[in-house]
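In order of appearance the chains are A, B, C, D, E, F and G, and numbering begins at 1 in each one.
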Amino acid sequence: MRPEVALPILIPLLAGSLSLVVWRSVVLQRWIAVFGTGALLYASVWLLMTTHREGHVVMEMGNWPAPFGIVFVADLLGAIMVVLTGIMGFAVALYSLATTGKDHEKFGYFPLMHLLLAGVAGAFLTGDIFNMFVWFEVMLIASFALLILGGERAQMEGAIKYVTLNLISSMIFLTAIGLLYGLVGSLNMADIAYKLQTVEEPGLVTVIGMLFMISFGVKAGAFPLFFWLPASYHTPPVAVSALFAGLLTKVGVYALFRVFTLIFNQDVEFTHNILLWGAALTMLTGVLGAAAQFEFRRILSFHIISQIGYMIMGVALYTPLAIVGGVFYIMHHIIVKTNLFLVAGVAYRLLGSYELKDLGGLYRKRPFLGFLFLIPALSLAGLPPLSGFFAKFVIIRAGLEAEEWVVTGIALLVGLLTLYSMIKIWAEAFWKAVPEHNQNAHRLDSQDSQLWLMYTPIIGLALCTLFIGLYGQPIYELAAASAEQLIDPSQYIEAVLGVQP
Amino acid sequence: MTEFLSTLSGLLVGFLLLLGAGFMVLAAVGILRLPDLPTRMHASTKAGALGASLTMLAVAFHLPEGAVVARALAVIVFILLTAPVAAHVIGRAGYFVGVPLWKGTVKDELKKHYDPESHSLESGFESRRSETGADQPGR
Amino acid sequence: MLDTVIVFVYILLALALILSFVRLAKGPSLPDRVVALELVASIVMGMIAVYTVDTGVDKFIDVAVVMALMAFLAAIGFARYLEKGGERDD
Amino acid sequence: MEPLLAIVVGASYAAGIYMMLRRSIVKLVIGIILFSNAANLLFFTSAGLTRGAPPLIPEGMLGPEGAVADPLPQALVLTAIVIAFGVLAFAVVLIHRAYEVVKADDLDQMKDTDT
Amino acid sequence: MIGFAWNILLGLAWVALTGNFSGPNLFMGLLLGYLSLAMIQSQLSILDGYAQRVPRVIGFGFFFIGELIKANLRVAQDIMRPEMEKAISPGVIAFPLEARSDVEITFLANAISLTPGTLSLDVSDDRRVLYIHAMYMADEAALLEDIKNMERRVLRILR
Amino acid sequence: MGHSLILQTAARFLLPLQLLFSIFLLLRGHDEPGGGFIAGLVAAGAFALYLFAFGIPATKQLLRVSPHDLFGWGLFIGTLAAVPPLFMDLPLFTALWWDVPVPMIGEIKLNTPLLFDVGVYLTVLGSVLAIVIALAEAED
Amino acid sequence: MLLAVLSGFLVAIAAPWLYQSLQDRAGWVLALLPAALTVYFATFLPQVMAGEAVLIHYDWVPGLEINLSFLVDGLSLMFALLISLIGTFIVLYASGYLKGDEYLPRFYVLILSFMAAMLGLVLSDNLITLFVFWELTSIISYMLIGHNHEDKEARKCALQGLFVTVGGGLALLAGLILMAGVAGSFSLHEILNDGDVLRDSHLYVPILILVLAGCFTKSAQVPFHFWLPNAMAAPTPVSAYLHSATMVKAGVYLLARLNPGLGGTELWMTILPIFGALTMFTGAYLAVRSTGIKRVLAYSTVMALGTLTMLVGIGTETAMIAFACFLMAHSLYKGALFMVAGAVDHEAGTKDVTKLGGLRRKMPITATFAAIAALSLAGIPPLFGFVAKELLFESVLEAGGLAFFLSVLAMASAVLVIAVAAIVAIRPFWGQLKETPKKPHEAPLPMLLGPIVLASLSLFFGVLVFIPDALLVQATVLAVYGEPVDFYLSLWHGINAPLMMSLASLVLGTLLFLNWDRVRGAMGKLDWLYDRGPEAGYFKVMEGLVWTADWQTRVLQNGYLRNYIMTIVLTTVGLVGYALFSRYDVSLVAFGEIRLHEYAVAGLLVASALFACITQSRLGAVASAGVFGFAIALIFILFSAPDLGITQILVETLTVILLILVLFRLPGFINFSSPGARLRDAGVALLLGGLMTLLILTTVEHQFHAPISEWMIDRSVPEAYGRNIVNVILVDYRALDTLGEIFVLGLAAIGVYAMIKLKAENRVKDEKEC
């Protein structure tokens, strides 16, 4: 029995509920935030090491054998995702210490953060499709609550769209699970996959697969289902945006990866081709959306969408190399996108605005911040030798090898347009002189004792980006091993059910 | 003997069910046909409660085990506890917010004692009571 | 014999349900609708009773117990709304 | 019975979505209620329906007498109902607050964050 | 005393609901009933004299059920009549209360509501008058007498 | 609401009954229809009734603890109920059953599923109450 | 080797600290690095001269076949030497030129990184590593061009350069990946060993086009030439470096490098010479057309790049020799000239040649070495530029079918270049001393060192032409041509056609220079063409991009929730419906046994749902939703789910209470939509409803496997000690679901509480402030 597969949910759940028990004391909550997310990070690394060493790690909850109880399964993809969750959680927790308003802390910011992490980790680790739905909901409602903390008009407007569209997605998810259970009589994903290997009506399975695709597509922010994301992601406090940006959409992507490698692999010509075109349009519409924006966080929000396209392209191409690329891309993107939001937060703290027209002078006064921005920004654009380059390289190579010329061409073009947006931010916020109308310009010269708390996670994440870029082999090996597990689901099935499919 | 009893119980159960369902229909027809809110409530509260109680009684006779009978009786008690309270609360609210009474209403002794501004409801005996100082409108 | 009665009772209750719903739809005022809703709850309890007799499964009574004790809360809520000055809605 | 319920469920989905497509935020709430109930009912239906055999085991027995309804979808739907209730509670209050902040019931006036 | 009675009643309700008539379960029921009541204790200041009332309670029960069925039948008759509107003569009357305590008034008002033809609307702020909506005002004196009768019975079991 | 004497008195009697009923539902849920969730909803409904009858301050006073504490502890207990088996090298949530002798009553079967259900109960009660009270307060 | 390549980056990191402690002397210390690198690379000369190629390999990401493998042969060594040699002087030069500039430390960081990136680019044997360095040069040059970043123009120019080169770079990446795919290796020397594999591949054309797109943009070939002169926004040391030895030559380097693999085909031998020649001429023409000294030089660089491309394309032995010589010559004189130009600008305060004159009296050393470098540019013997020019003429004359076309353009360009040389080296220094914004005097030593050494080398290599020949040209030609070529460089080839052409160009060029001001005026009449040229195209593309982006965002992300919902619903209906009808034979099923009261309940469900939709009364809708809930509860009860029935009733009751509490402050139902919109929405809603109905109808027909719950039922009492199986599932079999579920409730409560209370607190705060 391996406890580490359960710890990534147990720790944040305990930390979250404990924070609620001590809800009157903000100080205690802050300590719990740091230690809780730190412990989560520790546990997730432990899990990844075990998974790497021993293959799939399975825990049958309640000691009920699979497929009857709920199982938690960590394959490499799951473990990687959990590690990323841990990193994000810890980084954002530190960052929050400096940036979270008193009101927010008093009204449940920290418990919400823990429980968001718990939902995310749960979704990554569960081997049960309905349980995944439950974790999705935990994560979503935590994100709802985080989104509205503060209660400003923009937040409310954004939240209505966020809540409604995600609700529709959840209901479609639930519908799909219901129909699937009606057909297969099981909820355990490995069991479902096992039982679906021979069915008399594979077409029906594909139909249900499409429902999952729509639902996860909404969560992931894929075209044409992404509307909730640009409407809301830029409205909450930046630490929250950062957490959302890094993790939430990736849960949808993860789910697509999971079910479209494990379960719905009977009719790849049909399903994955739809995914592929969805991916292409997602990349394109997202990046064009960003090009139209002049607000730091909005640009970043639209870029989430376009980057999601690359990840989906990974699973859509459905070749070993493409899946390596997809996994690699996820790893890289979570870190980079979160970091960009964190940098945006520093810019906001210094200059009091996210509007590019109000920003400026950062390169002159804060060159180090400029450097810290460039690492994730150029990485996002896929410039070498940063993490994003390798991610993009693998995807592009897989696309070319699969002879998907148009989609690959779009992927390349989108890289250029991404660079365009990042450079726009750079030129406006960093290079341009600080505009005269900005009332906060003096803050550029003054000292801020809390700034180091904001810089610490940014530096940490930037180091991760550099590490992946400069020392990509271990990360590649990890992604490759993970892709190998994904492309051959029999390992997963055997690990969970103990049968040889 | 047992056969006779079971037939008898069957008859009783059937009768109670029919009676209960009949009262339900009665209540439904009542709220549909009666002319204003309070009169409709006469139908729904009583006939509805009675109908539900009778059908529950039928259950108690049909499955004469301690646990079932106890629960069926509990349902009846609970209905009798809650139905009039609900009726009172709705009737009062309906009256006070001015849901119009039927034009055929022959008498309204409440109207003159109710002040919609302060929501105070007088008894008409206040003049005598005020000497004792017990008059506390809108407690 | 009882079976026939039960079918007939079902029909009666179904009829009652529909009639009550007509009142709910017609209103005209909110209290009228609430009265209809209350009655629907009562009829549902009746349905449960008949169904219990029909199937002989006593566990369904538990639903009726909960309904009897809790369903009137909705009416209380509506009444409170009205008395607080909410619209009468007709 | 399943085909009849299939139609009912379809109608509920339709009603829910129709209400969600209104501009009035109050109608949105009603739409959400109908929609989530429809999904729960679909789940319940698609697992297959059984009359009069609840998944309960009589006292003193090791298993139910005869076939009983599938308990698993029931448990799942129960969970889904609760989750839907939680989300609904949140959504309802959100809409209430949005109305207070925007001072309009019209969703068309809530598009500032997008463009 | 009523508190104790209510406690016992709750204990018995527990036993009935659980369907387990064993001693420990009764104890459990009493304990839980006590705990529930402890919660609300401060709100209930009730009289004693519980034991004598039991027969009266049973009597009231029969009286009540009789009234219930009798009057329901009348309403049934009227509702089904095609020219229903001629048969009914509704109105609101003020009924001067003899009942004083919260429990008495409430019990009475609910009993009135449950018997067909009458519906308690509200109690005046000084608790001296109960306003009642009645279905048949043709003979107001007889109506008031019926209600009075009901009040007497109620007070007999409560006092 | 303009306080209704009838509603208030009824609420005083109904509240204990409903609470008792909710505990009944909680304890027997493992065997008959019921369970922590349903029980929690019934209890929350009971307090909601009280709130409608007596208003917010009286309800808060009656509750004594904040609904926040209720659901906070509920979640904490619910989560903790899953943990003990970890220390026995068993998976999370493995049900553990202990027979505990209690004087006068006999043996009581303590078990982690029940503890878990208690957590559910408290959470449901606390959350629903927190929502209802917050909304009612916003109304005024 | 790895250290040598990466040392630039490492030292760059240390540069700011070095600067802090050394201040002005930092330049001298930092220049030691490129100097040392020059020496280091020189140690490879013996091997390379012997015709060897040195291969050094380090693993990087072996899994992706991306490795730090370096190939030192004639071509890469020539580049490496030029880069580090010129780099040495650039660092020194910058220390003088940017003295006192607040960004000098950052500048050192960038310029050293740039040098490292360039070295990596030319030395890489791995295609992807090459590409990594390739992109690094683009981005670092962006940072360098935008040195004066508070100036809007500078930012714009920097972006232009970046966008064009990175855009081409992405095409290049695709080309390289395809190439590697065809060749089965990412290693240059392996690919080039068997070029026929590439040339015979069906992907040859796409590969060629993609690679050329990368090289042409980077090397500013027509029609991408416009970014390069704009890159003059950079400080002069950058221009000198970028435009002499380094970045712009990266494209040419790659063309030459790939020649053995991709070259030799008809396509290659057509595209490259034509584009190269056009670029050559355009560059020369525009150089003469300009007056800013840096601009003139920049366009002459364009001309040189065109020439080099053309030579690679011609592909003959002579052309390759010409390529090697021209490359070397150009690097030397262009580096020198740019530094001179910078010195003039720095000292006199203007770049405009028309406003300069007679500076030789104030800046004699500068003037001397400017003249030497310019002579080499003009191709006058005995400078090394002459050797290159002769070979150039010889190459175009033997260029087969294109010979005439190329010769004409080469001749015309040569004429123009001679004028250019005069413009930059004679015009500012000779004639009358003109008034300039600053009082001119000789540049400081660090700024002089570069021109002196580079110009001297131009002379030295010209006179002693066997030295460069033996040292590098032979080896370079070997690398570019792919096989050994037997030749000797010499100044004197006898009286032949190239010499005649040289003479003619000299005469004509001199004439042109003398009439420069008039010619320029005439050229101005062609400016309308310029306005419609590729640069205008670039701006059109950028505008189009922004417009498309705006338009798309307005259409898609339009802010209307209902449009979003409708899009999602229609996508669902479309995709799922399509899958259903294309993947499965839909057939209707029998209704089975339905009891009368079940019809009634179903009817009630539908009726209450519909009524909730159509009623004008919102509380009526709430009540109707209540009936809907009760009806669902009845369904649950009728189909054996008592727990669900209880839950549904309780939840429904509480939902109604919640709604009532909330609706209190909300307005009544308002009909905003037109009847048409309502009809449309109803249609969409019915589509979704119909889809769901169909889905249930089709799936209830099938049950592939027995449900797992049978196992649960069997163990409920014996192992989980519970008789209510649903509850056993909830608290035991699937307790984790329930745990998640209660967290959802708790979270909802926190959210609701925060929404309501945070507002209240704000209000209190506001009131206090008032």
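What to note about this one:
Just so it is clear, a contact is a pair of C-beta atoms (placed from the backbone, for glycine too) under 8 Å apart; a residue touches a chain by one contact, two chains touch by 3 or more.
Quantities reported herein were computed from a predicted structural model and do not represent experimental measurements.
Contact with both chain B and chain G is made by C, F. Look at the CA centroids: the one farthest from the centroid of chain A belongs to E. The greatest centre-to-centre distance from chain D, using averaged C-alpha positions, is reached by G.
Comparing per-chain C-alpha centres with the mean over every protein C-alpha atom, the closest match is chain A. With each centre defined as the average position of its C-alpha atoms, the distance from chain B to chain D rounds to 32 Å. A separation of 11 Å divides the Cα centre of chain B from that of chain E. For this pair, chain E with chain F, the centres built from the Cα atoms lie 30 Å apart. Shown for chain A are the residues in touch with two or more other chains, namely 13, 16-17, 20, 61-62, 130, 134, 137, 141, 144-145, 148, 151, 160-161, 164, 168, 175, 179, 181-182, 187, 227, 230-231. For chain G, residues that reach two or more other chains under the stated contact definition are 553, 557, 559, 561, 565, 569, 599, 618, 638, 642-643, 646-647, 650-651, 653-654, 657-658, 661-665, 668, 692, 696, 699-700, 703, 707-709, 712, 723-724, 726, 730, 732-739, 741-749, 751-753, 755-757, 759. Those residues of chain F in touch with two or more other chains are numbered 1-2, 4, 6-7, 10, 13-14, 17, 21, 31-34, 37-38, 42, 45, 48, 68, 71-72, 75, 78-79, 82, 92-93, 95, 124, 127, 131, 134-135, 138-139.
All chain pairs that touch, listed by label, are A-D, A-F, A-G, B-C, B-E, B-F, C-D, C-F, C-G, D-F, D-G, E-F, F-G. Residues 1-2, 5-6, 8-9, 12-13, 15-20, 22-23, 29, 31-32, 34-36, 38-39, 42-43, 45-46, 49-50, 52-53, 56, 58, 61-62, 64-65, 68-69, 71-72, 75-76, 78-80, 82-83, 88, 90 of chain C are the ones touching chain B in the complex.
Contact residues of chain B toward chain E in the complex are 22-23, 26, 29-30, 33-36, 38-39, 41-43, 45-47, 49-50, 65-67, 70-71, 73-74, 80-81, 83-85, 87-88, 91-92, 95, 101-102, 104-111, 113, 120-126, 129, 134-139. Taken together, the chain G residues at the contact with chain A in this complex read 59-64, 66, 106, 128, 131-133, 135-136, 139, 142, 146, 149-150, 152, 155, 158-159, 162-163, 166-167, 170-171, 173-174, 177-178, 181, 545-546, 548-550, 552-553, 556-557, 559, 561, 564-565, 567-569, 571-572, 575-576, 579-580, 582-585, 692, 695-696, 698-700, 702-709, 711-712, 732-737, 739-741, 743-744, 746-748, 750-751, 753-755, 757-759, 761-762. Only residues 13, 16-17, 20, 61-62, 64, 67-70, 103, 107-108, 111-112, 115, 118-119, 122, 126, 130-131, 134-135, 137-138, 141-142, 144-145, 148-151, 160-161, 164-165, 168-169, 172, 175, 179, 181-188, 191, 195-196, 199-204, 206-211, 213-214, 218, 224-225, 227-228, 230-231, 267, 270, 274, 285, 288-293, 363-364, 367, 378, 383-385, 389-390, 393-394, 396-397, 400-401, 408-409, 412-413, 415-417, 419-420, 423, 427, 430-433, 472-473, 476-477, 480 of chain A touch chain G when the two sit together in their complex. By the touch rule above, chain D contacts chain G in their complex via residues 1-30, 33-34, 37-38, 40-42, 44-59, 61-64, 68-72, 74-79, 81-83, 85-90, 92-97, 99-100, 105-108, 110-115.
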